[in-house]
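Below are the structure tokens for one structure; questions will follow.
Labels A, B, C and D are assigned to the chains in the order they are written; within every chain, residues are numbered from 1.
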Amino acid sequence: MNPFAEREKALLELERRIGELRAATADQPTDMSSEIAALESRYQEILRDVYGRPTAWQRVHIARHPDRPTALEYITALDRFDELHGDRYYRDDQAVVGGLGLLRGRAIMAIGQQRGRDTKENLRRNFGMVAPEGYRKVRRLALLASRFGVPIVTFIDTKGADPGISSEEHAQSEAIAQSLVAFTNARVPIVAAVVGEGGSGGALALGIADRVIMLENSTYSVASPEGCAAILWADASKAEEAAEHLKLTAQDLMRYGIIDEVVPEPLGGANRDPNAVVARVLERVDAALTALERLTPSELLTARYEKYRRMGAWGERAPAVGG
Amino acid sequence: MNPFAEREKALLELERRIGELRAATADQPTDMSSEIAALESRYQEILRDVYGRPTAWQRVHIARHPDRPTALEYITALDRFDELHGDRYYRDDQAVVGGLGLLRGRAIMAIGQQRGRDTKENLRRNFGMVAPEGYRKVRRLALLASRFGVPIVTFIDTKGADPGISSEEHAQSEAIAQSLVAFTNARVPIVAAVVGEGGSGGALALGIADRVIMLENSTYSVASPEGCAAILWADASKAEEAAEHLKLTAQDLMRYGIIDEVVPEPLGGANRDPNAVVARVLERVDAALTALERLTPSELLTARYEKYRRMGAWGERAPAVGG
Amino acid sequence: MPMPEWLNRRRGKNDDRDAAQWSKCPNCGEMLYRRDLAANLYVCSRCGYHFRMGAYDRISTIVDGDFTEIGAEVRSSDPLLWSDRKSYPAKLAGDRERSGLSEGIVCGFGEIGGYEAALGVMDFHFRGGTMGTVVGERVTLLLEEARRRRLPCVLFTASGGARMEEGMFALMQLAKTTAAVTRFMGDGNLLFTVLTDPTTGGVSASFAFQADVVIAEPGAMIGFAGRRVIEQTIRQRLPDRFQTAEFLLEKGHIDMVVERRHIKDILARLLEYAAKGAQRLQEASR
Amino acid sequence: MPMPEWLNRRRGKNDDRDAAQWSKCPNCGEMLYRRDLAANLYVCSRCGYHFRMGAYDRISTIVDGDFTEIGAEVRSSDPLLWSDRKSYPAKLAGDRERSGLSEGIVCGFGEIGGYEAALGVMDFHFRGGTMGTVVGERVTLLLEEARRRRLPCVLFTASGGARMEEGMFALMQLAKTTAAVTRFMGDGNLLFTVLTDPTTGGVSASFAFQADVVIAEPGAMIGFAGRRVIEQTIRQRLPDRFQTAEFLLEKGHIDMVVERRHIKDILARLLEYAAKGAQRLQEASR
């Protein structure tokens, strides 16, 4: 059970009571406004208490909240969307949704990792963990975007690439490696939005972009906190400690220059007002595309190379460590 | 049982007897030369009788002869060969053998369909019927040849593409279609040698070339005779009739301008002197490469386009049929 | 929808097919009045089964108005002087008579949802939509002209495979059309294919799957090897869904399965994305 | 083989590993005298098991003579100010001491069988060959310099994945090296990789499988997800062959499995094919 969803119950109870009181006030002559005000003040207090300054580990849970908008919420909020399927070889991996669409009148190629919104969809979508067939679909659509001349917009939300037997048998490494190549080479603008969890190479396979935006409570990391704890201390239960070490929050990554923009969420997380969050993210994607649209393909490629060329901290640019 | 292999038995028996007589003559003073001459004359007579002017259907059997040199005989006769494996996705299809090698000091990418030389190899090689994984290997190696800047040499020997369930499930059509694209686009010279059966699109997937050579008794056709008979008359047993209709011999195809050169075989077929045939084919491949080598990549691509652009018979170039 | 004049002109000989007033749906058995069936784009009003559709009927449902045919003058010759139960020229003449078509594909230019495009439509009623020199030549002419005019191209496929009676000339059409497709696409032009029932053999293994976006009609049988060949090889019956459009979608081979009544819309939308993309590129290069 | 001077110079701190005179083969249990093992390129003389090999040892078996190192001055910083049981700088210092290496990869230029090439060799003894900013930067510098000099590049991989202590900076090295690989290859330069035990995670999912030809050593474990992670996910033990080089060859992922003693030869032959191809192209263009 998601601990944040648990804590929300107190809030939802308060919300219900405030609603009831308001309804009662409307019908009756009794003045209940002071009671309502008191409850609302308590409500705000809990809200700030619970959500005000979430720790990295708390943000991991907000990012995983079952009611947080998934990639499909963004994609279906486009003016239009025509889904394209398959890797052309073996399978249509439903952990990835992609296709052509219109965003505020602009043609785009939208690609997202879809984790599912209920148990049935979770299974069908493999919890958003993409298999090689999915990354090959991503690669194909990225190449297709260049052929159409339309920008690529990705919605990142995955714990990581699928770690199953058949994914290894079908060359998961190759699939991710070639997706990275396709994004590096795409002759069209790319905007990536980390809307949930951004886990490891499985996320980066959709994440090489001219502009990377991240929701305030999304996370993006070299490994999931559980994975990191298992790797370093052979103890996945130390995930909370790992989460703090990994600097996986939007704020940290903004400071490091690894992402370009943080998109605010309502207090309590995107799940508390999904429509507004979806609209805000699409608005920021649109703004990013407007800025990028002026660049020629070769200017884009040069700028993209320079951007990733700088990523790291060594030599004269950063103090060396130790001897 | 291959009917040609059956008929050979009489010849092999004669060969044995001539050999015995010769051995006897060498040891003894008796003059047996007239007996030997008689036997040899009879031998030549049978040879001409059996093999002199084979019909199209007979050539189909010569092309399928179990002792006819397979692709690997040509490949292992190269000065050097380093096999490259796999489609990078799912499987290394052993019905295709490909890799880099040296032919008379020239670096080439050699790719062949390998049907197998005994029951065990037949199974491992799927009788030279290539699956999508194999055509994706072919495509990958053709692209790799352009990256290395080395010419492509193919050895065609297949009844046709593998018609199994998993081949359809893994997109056989797409695999062949993309192999055709890779050969069309290759920026290096391509020489194709039809050394056995050239069956349908499954053969053409290795057959788009700047120069196509064909052994005298090889066949190359739009469908196997059995397949053609099944399609047209719903009766595969009418294969012999289909073979005559299909114009699948090297002589016919040379006349039509569909191939560029016929390489002679010894009387009785390539199986009667495999080493000489292998050497002769490699010599002709080498000559073709020498001629093509002078062309720049763009000259090659233009000439290749023009060559296939002309293939067909319509409009002003050929009398229209009927109304 | 008013019938454009060019359609009526080309349709004449087709009318004998309309003589049969009723058609039985091969899927659900419903008896369908032929005029209603035509009005419903040859889709069974009861079960949605997609009947095979004639090339000119198809074109009239796809283009906005005018359609300028090209390559109609290209006719088959008989390079192999083929004759089995019947001579090849006699077979061709019979099919011309029955189908009202000059060959297995109709090619030309028109507008789709306001976007100009090249359009080629194969017709199974002519020699089973087999790929021969005329189909290959017309597709090539269409792609060459579309390339000159920098227009996207849409090809509807319907094919039982290669045309045996043209032997290796038929097989070589795979090479020729691939060369044309490759030049066309290599210049940045977009190719869309719509696979209709059936799309097999050489057509399937060439332009059908060389396109940028591959669409299929519901229930269409699509594959390289024919069902019968596979069943003979494996000596067992194949499941009904095998090689259907829906099966291929699941296996990742095609982009989408689209009902016939939505195909024009989706093509127009693809052309719109392409037009917007081309415009964006042009503006960025200024 | 006489030890080149540059190798002795760089090897100093490595010698403590030689203190243990005997090594036990993890495959067959044979006790191997360490000097013999080194002479046999760290391959078990009894069963052929390939031990992990140090970067400088490897380089000495691959290059003909001189090796000019580049990027050695690039050192890790501690961008996340990481400290768990130990600080990150302390971990690095420990590994430097133990391995005699400044970081997880050694890059430079030399000749292989007479052909000049760029060469990068990862070493599992330094932080498990993890991909961090220094590995990423050195690979990038190597590819950029190779591109300037129009030389092919050979990369030996050995990696347990990404370096946790550098967080997202480590992950971004996949993007950075991919950018470098893409530019390098985009100009027509050839990249060859040799995957040694183990090659997993980010290195596997970037340059290891972006190369033109992918070679692997016998028995090497290669994959994206680690064995333990998969076993935990599926809750069952994996077969021993899973993710071995031989398994991947069968699955079509890699071009060849080559014994260590033949790797220099095969690389020289690939470089020869490339040189002949380049010469041919040059002559044709004249």
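List of remarks:
The rule is short, and it goes like this: a residue touches a chain if its C-beta (ideal position, glycine included) is under 8 Å from a C-beta of that chain, and two chains touch if they have at least 3 such contacts.
If you're wondering where the values come from, they're calculated on a predicted model, not measured in any experiment.
Using mean Cα coordinates as chain centres, the one most removed from chain C is D. Between chain A and chain B the centroid-to-centroid distance comes to 55 Å (mean Cα coordinates, whole Å).
Inter-chain spacing, taken between the CA centroids of chain B and chain C, is 33 Å.
Annotation: 52 Å between the Cα-based centres of chain C and chain D.
Chain A has residues 88-90, 169-171, 174 in contact with two or more other chains.
Counting partners per residue, chain C has 209, 251-253 as the residues that reach two or more other chains.
Chain contacts here follow an irregular pattern that is not a line, a ring, a star or a complete set. Of all possible chain pairings, those that touch are A-B, A-C, A-D, B-C, B-D. Against chain B, the residues of chain A that register as touching in their complex are 88-90, 132, 136, 169-171, 174. Of all the residues in chain B, the ones that touch chain C in their complex are 161, 163-165, 167-174, 176-178, 180-181, 184-185, 200-201, 204-205, 207-208, 220-223, 227-228, 230-233, 241-242, 245-248, 253, 256, 258, 304-305, 308-309, 311-315, 318-323. Across the complex, chain D is touched by residues 80, 82-93, 100, 106-107, 133, 137, 144, 147-151, 188, 293-297 of chain B. The part of chain C that touches chain A in the complex is made up of residues 185, 188, 190, 209, 212-213, 249-256, 266, 269-270, 272-274, 276-278, 280-281, 283-285.
Taken together, the chain D residues at the contact with chain A in this complex read 73-80, 82, 84-85, 88-90, 92-93, 96, 133-134, 136-137, 140, 161-164, 166-176, 178-183, 186, 201-202, 204-210, 222-225, 228-230, 233-234, 238, 242-243, 251-253.
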